[in-house]
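Multiple structures follow.
Look at the two complexes coming up: chain A is in both, with chain B in one and chain C in the other.
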Partner chain A sequence: MDFQSCVNIKKEWDIVGARQLGRDIAKKIGFGTVDQARIATAISELARNIYLYAGSGKVCFEAIDDMNHKGLSIIAVDEGPGIEELSQVMEDGFSTSGGLGAGLPGVKRLMDEFDIVSEQGKGTEIKVVKWLR
Partner chain B sequence: MDAKLKSLVLENSNDIVKMWLEEVQNNKNKEYTSTISDELFESTNREFVNVIFSSIENQGLSSELDDFSERLINLGWPLSYLTDGMQVFRRVTIDFILSQSDKVDSEYLSRVMQKVDAWVGPIINRLVNEYSGSWEHIVSLQRVALQELSAPLIPVMENITVMPLIGTIDTERAKLIMENLLDGVIKHHADVVLIDITGVPVVDTMVAHHIIQAAEAVRLIGSTCILVGIRPEIAQTIVNLGIDLTKFPTKSSLRKGFQSALELTNRKIVATEEKDESIEKLIDSLDGE
Partner chain C sequence: MRIPILKLHNYLLISIQIDLDDQTAIQFQEDLLNKIHSSGATGVVIDLTSVDIIDSFIAKVLGDVVTMSDLMGAKVVLTGIQPAVAMTLIDLGIHMQDVPTALDLEQGLIKLRQELEE
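Let's turn to the complex of A and B:
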């Protein structure tokens, strides 16, 4: 784990900034175009959730470089209202905002590891990892 | 005492200018002015300090200041050059006044600081306002330019129109896309609309949702929407996300989409006879050589 960088999410255009930074880091680590697109899409979903539901928060990137594997970890943190029913939001087609409801379950499928911690009234933290193969 | 201070500064302007120039010259080593030639830097410094003194002398902001800042904005000088310069001027002037005074107590010191601030403050404010005004102007112009580019609808043939999308789609733009699409379909009597997303870098659930809604709206007014330009990596992420795009036809490229649009409107591309002949002739003549 050598460096960490964060993008604050406050406006809709910050989503684009987070996505671009994430894509650049992914490219540097050596991900192919398909995985870059997956990572960019996952970042887009996480950042948009922050923008839509929490108002503000941040997305952090960390390059992982261990002895035997490389990867990228993305942590999305907000201090928003939290998620009421975690098992519900992980179901396909569940949405409180009239969207497609594919965001979080989609991110889980796009990435290799997925961790979510959410406390009502305190906020949400989602950590995802994509390993370089 | 205020008038005394002013005349003291104005009478000794040469000394202050010298001190100021030395300090500012040292600042040149900083990154932002390293690409500017020495001559230009020096002449700009001289002009800058003259402008400062003339606005102190006239007890107010002169039109020279506006001209000067406008020229620097046009040349692309950084704002930090001007604010640093004013900062240095304040320091140098206070130092100079204090060095000229025999007795310095705290009351005197605060009067001097106040006076110099009253000279420097309005100039800084004016410069910052000029700069930020020009930035805001540029941003608003670019926003308009971007909006004009954001959702064009091109009638390529009778009953067939194309909407090429390039760049990030945000909610504002998604609204524009929907409006232009529906307006255009009715205006051009389009039976088939091709939405080309070759230039859209990321298709997430929000973008997909807006495209699905637009296609559904097009279907409601009796036309067909074909989504084209789906790159392989985008196709994979759409599948991973679990987005259902089965409600309308999709194609990998605009060309394929256009072909199916022609089929939908009972037409096809036919090569003209003469062209075939001329190509054959050309091949024959090449064979002959």
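Let's turn to the complex of A and C:
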């Protein structure tokens, strides 16, 4: 099961579309209910960040199936303004939009791997992985 | 998409059975406050049994609606939060400590009655 599918994030409803597709893929890979909820929630946070801060972008899913490693890799890419202070957005409670500031640090806790690359004026790419236990 | 709000004596009952998008959540917040105002309800139960994801935005909207209703004089109890949702919320760092909760609709109504009769 090696495939890649993407959801374009342009309007608010796409956040729901992305997390539903992500949950379906997670289910197919064999994740249990709790991990499905973790994955769907992480996707929701990533997609909302794209919608709120970059305007548009995409969320892509890839099933990982190595010799003894199964999992789901999710990449959220946008060409928005980039993140000025990376260490700040990874702090719990930091928000510029009046939200809870739980987004990115929350995603990091929900998933097993978390990588973020952001360049001002160019955009942001966040890659997260959840391994099947 | 509108979430139906049912009136039962002086309580309002809501069962959320759809995957909540941001717009629907905000609309619900407004609808509920208007309904509290027009009906004079003193207690509200929001049942989340069928909700399988609560992200930080939805959590904020729910937490806010509890505080807003409280300001208006109505007590809100959230019921039926699924195990997976509870675990995910804690991972997100959202503790919702000031929000009254109960296991299910029945327990929620008991809790409301106790709180309102004190």
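As a working rule, the second predicted complex is superposed on the first by the 132 of 133 C-alpha atoms of A that agree within 3 Å, B and C clash if a C-alpha of one lies under 4 Å from a C-alpha of the other, contacts with A are read in each partner's own complex, and residues count from 1 in each chain.
What we mean here is this: contacts are C-beta pairs under 8 Å (C-beta built on N, C-alpha and C of every residue); 3 or more make two chains touch, one makes a residue touch a chain.
The model shown is predicted, which means the values in this text are computed figures rather than measured ones.
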Clash-or-fit label for the pair chain B, chain C on chain A: clash
Chain B versus chain C as contact partner of A:69, first or second or both or neither: neither
Which of chain B and chain C A:10 touches, first, second, both or neither: neither
Chain B versus chain C as contact partner of A:99, first or second or both or neither: both
Which superposed partner A:109 touches (first chain B, second chain C, both, neither): both
Partner chain in contact with A:28 - chain B first, chain C second, else both or neither: neither
Chain B versus chain C as contact partner of A:44, first or second or both or neither: both
Residue range of chain B overlapping chain C upon superposition on chain A, of 9-17, 81-89 or 225-233: 225-233
Intersection of chain A interface sets (partners chain B, chain C): 12-13, 16, 19, 33-34, 36-38, 40-41, 44-45, 48, 92, 99-100, 102-103, 105-106, 109-110
Chain C partner contacts - residues on chain A that touch it in the complex: 12-13, 15-16, 19-20, 23, 33-34, 36-38, 40-41, 44-45, 48, 92, 99-100, 102-103, 105-106, 109-110
Chain B-facing residues of chain A, complex: 12-13, 16, 19, 33-34, 36-38, 40-41, 44-45, 48, 92, 99-103, 105-106, 109-110
Residue numbers on chain B that touch chain A, as the complex places them: 168, 170-171, 201-206, 208-209, 212, 232-234, 236-237, 240-243
In the complex with chain A, residue positions of chain C that touch it: 19, 21-23, 52-57, 59-60, 82-85, 87-88, 91-94
